[in-house]
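By written order: A, B, C and D. Residues from 1 in each chain.
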Amino acid sequence: MKLIYFAWVRERVGKGEEELDLPPDVVTVGDLIAWLASRGEEYAYAFEKPMAVRAALDKVHAGRGAAIAGAKEVAFFPPMTGG
Amino acid sequence: MKLIYFAWVRERVGKGEEELDLPPDVVTVGDLIAWLASRGEEYAYAFEKPMAVRAALDKVHAGRGAAIAGAKEVAFFPPMTGG
Amino acid sequence: MATVRVQREDFDAGAEAAALARGRADVGAVVSFVGFCRDDGGRLAALELEHYPGMAEAEMARAAAEAEARWPLLGVTAIHRFGRIAPGEQIVLVAVASAHRGEAFAAAEMLMDFLKTRAPFWKRALMRDGTVGGWVEAREADDASAARWSAADR
Amino acid sequence: MATVRVQREDFDAGAEAAALARGRADVGAVVSFVGFCRDDGGRLAALELEHYPGMAEAEMARAAAEAEARWPLLGVTAIHRFGRIAPGEQIVLVAVASAHRGEAFAAAEMLMDFLKTRAPFWKRALMRDGTVGGWVEAREADDASAARWSAADR
């Protein structure tokens, strides 16, 4: 699974993207955030306030309950501040 | 008193402006409309639906009860359709 | 502060809007509205716009002053043409600059509502078949739209 | 029908808005919004805008499609820049054409609300004193503004 990070999520994780093999019990976006947060200090920091991080599956906004099966890329980022 | 007419009020009255001496009992815009409407066919036609005609005193919108004393010009016109 | 013009000539809407922000860094938003002459399904040859010289400018300036009193605006430009205007041509411009977008949108919309219902302009339709169409009638929807900005709604 | 662009280069807002009405006589209204980089009282040197390539364009196109489904629009253009943007420079354009002004104003405002809250762009402040300011925080007011357009309000 390709994971992409933007803005301060990217800075905290320390990389813009990575490929990770996910354990089979990671089914939803919420599961993925919980699993990532357990992978080390930098991830714990990035996801310390889980609701402050938004997610997208294949470039479409996704809620915490969305199933990640079938997605090619999952992105995590702060609330948007464009415009 | 200078009277000015615009759009279909002007067409019905048959002139764009005129100078008229008003009788002393013409005090308000409403009085002036009633007096004008009695002056002939063309005026009666222009003011046949009195509420369809708007008025301005010295280039400021004025209601029927506004006193015309002191005004240099009174204008009559249909509801505006600019923009 | 507001720029108000009533003129026969066309105007450069983009240049007018851009001028409101040029050379300053406190403007965060410029909203501009341009009204065009539509051809009414191909039947209209042109609009003939009559206006009340002097009062037209004064009413536009009054509307701009009301908008400026109501919102913290950084610039207002309003231009209205008169005379013969063909389908596809520009009739009116309202452009508003402010720090944030909310007030620029609201002020531009209020200015157009006031301009439609208070500024002394009257449109007559000249038809393609050579006839002079009637004077365009005022729309109740415009009065309702303008009424949104009355003091009671604040 | 909508034109959506995400680009590093500046854009000609007036030309983009004018293009929506050019050569047609069914457009009665063009509303355009331009968002500018403010200097934050002189402290800001520039904004650095990061975006999610692909998703940024897709979200802008989705917002335009929602506006087109909701109002009878005759043209929509949305342009958003990324990269380093100095105070006074343009960041974003939304321009909407329609027959009547009400829907053009509403659609332009909805598009900006959606763009602010849904399009994946993030601003970082670079300060004049050489420090990197923080990432700009999302404003609750923007979420509230976007919520106005939810289905329940229709």
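Operating definition for what follows: a contact is a pair of C-beta atoms (placed from the backbone, for glycine too) under 8 Å apart; a residue touches a chain by one contact, two chains touch by 3 or more.
Just so you know, these numbers come straight off a predicted model, no measurement behind them.
Chains making contact with subunit A as well as with subunit D: none in this assembly. Among the remaining chains, A is positioned farthest from subunit C, on the basis of C-alpha centroids. If you average the Cα atoms of subunit B and of subunit C, the two centres end up 26 Å apart. Centroids built from CA atoms put subunit B at 72 Å from subunit A. Per-chain Cα centroids separate subunit A from subunit C by 48 Å. In subunit B, 83 are the positions where the chain touches two or more neighbouring chains simultaneously.
Each of residues 35, 112 in subunit C touches at least two other chains. Of all the residues in subunit B, the ones that touch subunit C in their complex are 4, 6-8, 56, 59-61, 75, 77-83. On the side of subunit C, the complex with subunit D involves touching residues 12-15, 17-18, 21, 23-39, 42, 87-88, 99, 101-102, 104-105, 108-109, 112, 145. Across the interface of their complex, subunit A is touched by residues 35, 49-52, 54-56, 58-59, 80, 91-92, 112, 115-124, 135-138, 142 of subunit D.
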